[in-house]
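Chain nomenclature is as follows: A, B and C, assigned in order of appearance, with residue numbering initiated at 1 for each chain independently.
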């Protein structure tokens, strides 16, 4: 139980991430720390929640997932610790953990209050270093979650946009854009398959139509957007050897519509 | 004694940092390497010195702090090794280590000259790989610092700007800007408290006035800059949910003035 | 045999690299993973091949070098594993491994076909996670390379531009530009020395002339480009305390000519 994953919006210019790792290693010299990302947009709780949801299951059991996207640091938002069947999650109670936890069996939730585990003096601005990193480190040493605070019954939920169904239309939107400019929608493979069944379909995004699902980013012609179920498990819009975001002038929240045709295929 | 911290201006595009780590692991397979930052501006010795000063104490005792911000590589600037009560520091003698060492009890300083520890042939341009990484790796294995060269008595000092006091004014400046656009001044909490005492104050920066110290980045209104003692221990100017650097058109060296009022508070 | 190097074009914004590391640690908890780079330009197989060639030898013997620059993921390009005297190389058969392998004694090449090692279901878009990371992890555990697939006899070669000699001229080009804006040519020290012998020379690049080899990035005057054999072992064009790329408006593929004079020196 030595793995700690780290997901923040701290960027890679400052010493914030390095200092958190130093604090962790000072407490648990055997900790293995894996970065999920530190380069989501500042304070983008939705992007962090989405990446966490799509990452946590690949880690070994008992990994401590430490998330510090924390615009409310220094306010009354609670620091929390969630124990599930397979993992621990540590972070601020601002919804950032909620998407991942939808898929997990929660065993207990704690508000972190036991300041004997904190780095003193606790600063107003960097609870990642002073509260969250030490708690994650002690957890990774095997300290029981009951030690860190008092049980609470629920956490804040993120308002994550779900696709809407209207008769023969499924209305989704772009929720994440990856490094390559692929446009990731909020339409999962399950939702898509259930909606379309064995009928034909067309998709409309940014004035373009797509009528099939591809199986490689290289399928199709230049400047012809394609749709593919990417590694997030969601429908992605991509462009062969190019950047779909730029070509389609699309961005987060750009709508996409799936229209079911009358014909079975 | 297996932890090595790494602070460079090598960026994250090339293979420079990876190669240094490969060299370290080839010598000490047990080394745990923690990145402080590789994304300070090229050759910005002051930023590197400032980050080192604000990071080194969070690491376990006996950590080897390896700093390669080295515009003078290939010239006669000396490679040095400094042993303090708690840490080792390795890097070029261009002042980059001096800020951190102000706070440490120095036990011995060495010019690194023993080329039997170097990677051969030593290149003209990459002493990080050929000299500094191997020396740090052998130190982390427990090799005594006396082995690496000859004792010297002093190192180059960085010309770091200190705030100046003029009657009822304290004149400081922005010395670092973090990833979020927070403006970090050279006014530490100690300097501020000692100057203000129990009198009121106002701060002027970029044409704006601030009259109190906040305790969260979210305090106050939109487009109202706030002052806070941030995680560096220094006075920072920030903007709720926005980027102070942009809003105030401020940059490194932008001046800030604290004016003490006549009234006690 | 626990070291795995990682070289991708995945950037540092998404969770792709973190997830590959999670997959590796789930299989081999003792693996030590070193990043070479994740920030080469998307799908730039030549840059990745060049960085790999200039990195792999600094790693301990038996390191598994894992390269995922893979525009053809989901097409019929083969996933391969190459065993050399000192290392293992894992990646797509698109030429990205070929530059490094020019310098190695190849012992065996395998097409990776044994899907019992894969993460299921194998996605269309992320073989880094589903195929390459698990294979690298099992290799690092000591699993024999024969287990992963069937022997093949050759791999795809990269079309890497070599300098051409025309009488008293050597015509090269810029093949890589580092973080500092130094322009790295395809002229190695060996090629240069062999061509020039003990004659004088001048170099022409972007309308400027250079007539000597420098030994530090600081040699010479402001706005005077200098030539130096950099850490890649290749001729580099640099500018003292400034960015040669910008000043010379040079880019990848910008030509450079070495002209040998009549006079011995």
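Throughout what follows, a contact is a pair of C-beta atoms (placed from the backbone, for glycine too) under 8 Å apart; a residue touches a chain by one contact, two chains touch by 3 or more.
These figures come from a predicted structure and were not determined experimentally.
Colleague: Can we say the copies chain B and chain C touch using the same residue numbers, with more than half in common, or are the two sides different?
Modeller: The interface is built from different residue numbers on each side, given that under half of them are used by both copies.
Colleague: Once chain A is fitted to chain C on CA atoms, what angle does the rotation have, in steps of 5 degrees?
Modeller: 120
Colleague: Suppose each chain is reduced to the average of its Cα coordinates; what separation in Å results between chain B and chain C?
Modeller: 32
Colleague: Specify, in ascending order, the residues of chain A that touch 2 or more different other chains.
Modeller: Those would be 12.
Colleague: Which residues of chain A touch chain C in their complex?
Modeller: Within the complex, chain A contacts chain C at residues 2-3, 5, 7, 12, 32, 34-40, 51, 54-55, 58-60, 63, 178-180, 214-219, 228-231, 236, 241.
Colleague: Help me check something: in the complex, which residues belonging to chain C touch chain A?
Modeller: The touching residues are 10-19, 21-23, 25-26, 29, 42-43, 71-75, 123-126, 129.
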